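Got some structures for you, see below.
Both complexes below contain chain A, partnered by chain B and then by chain C.
Up next is the complex of A and B:
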């Protein structure tokens, strides 16, 4: 393809090709602080392309392709090329990665132990993890948490955090502006701005962490903690995993072990400060 | 050298993996993924010296293929439980058959739908039993449904509502409107029972079906994988039975498939280095177009040679139905958008 770059996030080496320069330049700026190995073959390929040659210039719209494609995925305008790249990278991991069990979950770690936050879009799991990652925690990732079947350890996937809507101002007030990407206004998912994880979180991206706590956050309502039975945790996590079925027996064993060994709670919280306090409280009880 | 060429050379054993530069792997892996041959390559190179990240990716692929194979065989077992108690004989076809029979081309081979062959007279009962066992229609379009039933070699695809897996129930191996009419009843009658208890086509018929699938029924999409199947099947069958090539020729003649079978053999020779017996080892100028079509893939996994692909697409329809019918079919499809 005309323009391309390579990015390593956690264990995945991406090769990203594009018909336009802009998305590649934007990716290179966002991922400048990540380790780069230009000689390492790619695990996953993302293609950002124009459906017809003239659409490179005329009302340019970015189609997302690669090793795996979603047939009916709508293209994005070139101004949202960075979002297209992010979606393409997520798609390749979600559909193609087999080395670990993938959980659609954010995670933070401290002292080699991980808190896994699973929830739907809008549950606040990304914002909560990003905020914790600015304090005493290492941000492991805001999108995927990888469980190694053999050891049961969690591995991080600390891509640039995708901040949405109100979370943008909340983080912008706390971090160095140099760690924020361009504002992508009015995308199909609302306003988006990427946050580059702290340098120490990127440097530690290959370090495994033992799962200590599984939380299902729910933004809104009074602060509350609800213990969750293993059966419900198991079912919720099968739904949160993109490759549970494809992994077969290894996926079942990994998930069963994770659920058996890790306490789990649902938490509701009215604001970020309350949410962070609940995580700290449950953490203190879990590691005691 | 292009990734897809290197892929073919690696599969054929013409090239050593340790001769590749690290970045050469991008094109090979990209083409192999696009051609559904990545796990096949991973098996072929299981003992080769590879860059660590490629070795890890290939190990993932082998493990994933083993799971997929178990799931495909389980799906065959589900179909058996649904229709065998009613006395309906069925034969496994394609990927699931190769896995059930433990053939070498099944190593790492991606298996999509479950394909089975039943006698024409049993097709209605098989359909009824499968629906009772939880399979459902996929196509809701009345034209498509009627088209399948009147003109195709299989029922409209059924999908299982709980397991989300598709089954294609064939009553022959080429569309009813195709210029060639293989003898499906002979195929069913001469089927053999594999170790796991499933019936599969006899060796010569299996190779005939593979060649028909590759060259007589489609636009050669995924053709490199189908050709790899043909190459492995004929090589292994010939190694086990010195008379195999003669049987294959006789059987191909019975089914009206001599031309595609002979072409598949020549293409397997030209791309994968197959050793052919005298009489098969001819040169045919038009094969070059097929080779070009099979290798129409760039290092990013994208299809290339657009005009050539279109030509093969038109050819596939031309083979499948008579001209007046083709015109009507395309007109209906075009009006429906």
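Up next is the complex of A and C:
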């Protein structure tokens, strides 16, 4: 590929190649504070390429490739090259990673203990984690949480946080503008702007944390806490894991242990402040 | 007609993890995860290596648990259905 870079997020070393310079430059700006080792072998490869050579210039559209591909994924315009890169990185991890059980969940940590937030898109898990990560918590990641099968510990994947729609203004009001990437307006997922995690979260990205709480946030409705039975948590987390089946018995054992040892709750909240208060309340009870 | 005989899978074929009201069972042969509720785990535990039909299983379970009307036709009929379901999942084998 004409342009390339390497990015290490948590345990994953990415190699990203592109037919265009702009997405690589944008990634290098977002990930400038991350450890960079150009010699370390890549765990995952992402390729951003033009479908036909002339499409590098004429209505340039970015196809996402790599070790794993989604055959019918539509290309994105070059102005959304950063989003294409992010989608490619997520895809390679979701489909290819085998060393840990992967949960589609955000996570924050304090005192070596982790709160794992699992939910669909729109549940608010990313925004809650990002907001908590600006306070007394270490942001472990807004998209993926990795569970180490042998120890049961959670490992972070603190990629640049993908803020969407209303969350953009909410975070922009709180953080140094230098930590925000360019606004990507009108993407297939709405408006997107990336937030660079705090330097302490990046510095601590290899530190494991023992799971203390599993939460299933649901944005909207009155503030409420609903304890969840381990069987239901097990089912929901198999659905939230992109590699549970691929891991076989190691995944089964890791998930059974996580569910048995970690209290779990569904939380509903009308706004971010209420959601954060519920997390703090359940945390205080869990570590008491 | 004689009742069908069943036995538990070979030792080590299943990994069984109780999770509250549900029990998660990992089948090492198929790599599949099954989630079951009572009395499925109890049936698998009571079956053992010796082939056994629904009537004999009802007696074994009655010895282990306080079953009302154990050994009655109702219990055996329910167990016959459950055994067929477990066999369809591959969690018990027809002997």
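For the reader, a short list of remarks on this structure follows.
Here is the rule we use: the second predicted complex is superposed on the first by the 288 of 288 C-alpha atoms of A that agree within 3 Å, B and C clash if a C-alpha of one lies under 4 Å from a C-alpha of the other, contacts with A are read in each partner's own complex, and residues count from 1 in each chain.
Basically, contacts are C-beta pairs under 8 Å (C-beta built on N, C-alpha and C of every residue); 3 or more make two chains touch, one makes a residue touch a chain.
These figures come from a predicted structure and were not determined experimentally.
With the two structures aligned on chain A, chain B fits next to chain C without clashing. When the two structures are aligned on the shared chain, A:256 is found in touch with chain C, with no touch to chain B.
With both structures placed on the common chain, the touch criterion links A:234 to chain C but leaves chain B unconnected. Taking Cα centres throughout, chain A sits at the apex of an angle toward chain B and chain C that amounts to 60 degrees, reported as a multiple of 10. By the document's definition of touching, neither partner reaches A:194: not chain B, not chain C. Of the two partner chains placed by the overlay, chain B and chain C both lie in contact with A:248. Of the two partner chains placed by superposition, A:138 touches none, neither chain B nor chain C.
When both complexes are overlaid on chain A, the residue A:17 reaches chain B alone and has no touch with chain C. Among chain B and chain C, the chain that touches a larger number of residues in chain A is B. No C-alpha atom of chain B lies closer than 5 Å to one of chain C in the superposed arrangement. Residues 248-249 of chain A touch chain B in one complex and chain C in the other. Per the touch definition, chain A reaches chain C in the complex via residues 229-232, 234-235, 238, 245, 248-249, 252-253, 256, 259-260. Per the touch definition, chain A reaches chain B in the complex via residues 1, 13, 15, 17, 38-43, 45, 47, 66-67, 97-99, 246-250.
The part of chain B that touches chain A in the complex is made up of residues 22-23, 25-26, 29-30, 33-34, 51, 53-54, 56-57, 60-61, 63-64, 67-68, 70-71, 300-302.
The touching residues of chain C, counted against chain A in their complex, run 15, 17, 19-22, 24, 26, 28, 31, 33, 35.
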